């Protein structure tokens, strides 16, 4: 595999120093890019201290993604909406603050509102606290149309045991079956809080292979769709409409 | 399907597009006449779909029956006769008559005003 | 708000497994469920059992008339994924005790619908 | 006025355009002035006067607006009759 870049897209950010430990650990394990998710309030705080550490105040603060020798770190915001209307309001206000926007799934109305919204990047864990997998053919068609990625979180497997874990694996299988039919972007992430939740990309690929995913699909989920999300969001500010983009004239 | 009134920005956009099309037709007529006929057809489509009246200067520049672009002297004849302007399209021979009473009245008013001004100046 | 169910082409296809359980203690529904899941998990592990889509549909209590006997008789229907019936049957017959009490599971048969499962194995209509 | 925000609804005839990507390799890199437009095609006039008819849905265009800004438009966005493009609805990004 020539220059396949592995991305771990969902790390939970808490305190600045623990985030840094997470990032260094991810770098050591062989990931090429990482994105850390904060709630709305902590996001600005995190942005500043990233700036202090990496660019030591030289670059302007509005920079949203950072690079240490081609290891890309992009902080993002995770949204918990109480109802669709509240969710829409939050999305509208937070869209141009970050590069990546993730909606925490679980409630049916939230899942649907997130899938139908072009501005949302990732719908994380639609099966959270649910007996079914949270999405059906209607939502997955919308997710494919609006390019909303559905995220399978490794942390859920880690923390659960016995029948709960096998139920979550069953939800994974349903989502994979829907993904094969409707081709919405799939995302495999670790959702790590501490360095003990992180696994190397090869281990995660091996684990997901026995869930029924073949090699190409896993590569799509770990390296292609994350990098697509990053590039797409880079151009998002000068995208007028879905297919139209302003290029600074030569 | 109820046509209804189009929103304002659509009508503005339509007007701009019609102006662009007719200006291009004007420029292109000498080398490529068939292109300017095509532009007139496009402009007509826009004006009919969005219910936009073309401005006065452009309404006289195309034939009402064969929708060809008319350039005075090249494929159209313009004459004045008994109070009307005659546009004759040489492509299909259609004669379009337009009264110009407003212009006549305007001319009379200007003449009266110029006399009044002269009289006041003499006193 | 409920999600619209999947179209038939995407909906997994099911098989119904009629079983009877003879045990020394009364078996409510959730104990039944716990036992079946436990045995499958121990025997096949989490990854396999996630394929089976197990679901205990109904269970009937058949010891109203012979209360003097020392065992409880129970019949029920278990829904599982088509193609994995053998694995589920294998796991079912490995159950032997629950909370120290003896217990045995026999699978009476397989059927494609709940109705045919009940008629054929549970309540043979005269 | 033609701005990047309403160029796809505005008149394309008269703008200079360059085909950046296209499923037909021969068309890539061609520059020209848009001369005619139909539902699925754009007719380009090359600087040397030759006219080329290009399909809209299979290529990516770089339109140069009069004020000099360059806008990249995917052909699929433009696929509709010229007069219908004004009222076509688009998803805001």
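By written order: A, B, C and D. Residues from 1 in each chain.
To be clear about the criterion, a contact is a pair of C-beta atoms (placed from the backbone, for glycine too) under 8 Å apart; a residue touches a chain by one contact, two chains touch by 3 or more.
None of the values given here were measured: they were computed from a predicted structure.
The chains other than subunit D, linked only through touching, come apart as A, C | B. Most remote chain with respect to subunit C, judged by CA-atom centres, is B. Looking at A-C alongside B-D, one finds more C-beta pairs in contact between the chains of A-C.
Each chain gets one centre point, the mean of its Cα atoms, and the points for subunit A and subunit C are 39 Å apart. Rounded to whole angstrom, the centroid-to-centroid distance between subunit A and subunit B, based on C-alpha atoms, equals 59 Å.
Subunit B and subunit D, compared by their mean Cα positions, are separated by 29 Å. Separating the centre of subunit C from that of subunit D, both taken as means of CA atoms, is a distance of 64 Å. Across the whole structure, chains are in contact as follows: A-C, A-D, B-D.
For subunit C in complex with subunit A, the residues that touch the partner chain are 1-7, 10, 37-38, 41, 46-47, 49-51, 53.
Remark: subunit A residues 108-109, 132, 134-139, 162-163, 165-170, 172-173, 177-178, 181, 210-211 touch subunit C in the complex.
Residues of subunit A that touch subunit D in their complex: 118-119, 146, 236, 239-250. Per the touch definition, subunit D reaches subunit A in the complex via residues 4-5, 7-8, 62, 64, 68-74, 76-77, 90-93.
Considering their complex, residues 6, 10, 13-14, 16-17, 20-21, 24, 35, 38-39, 42, 45-46, 49-50 of subunit B touch subunit D.
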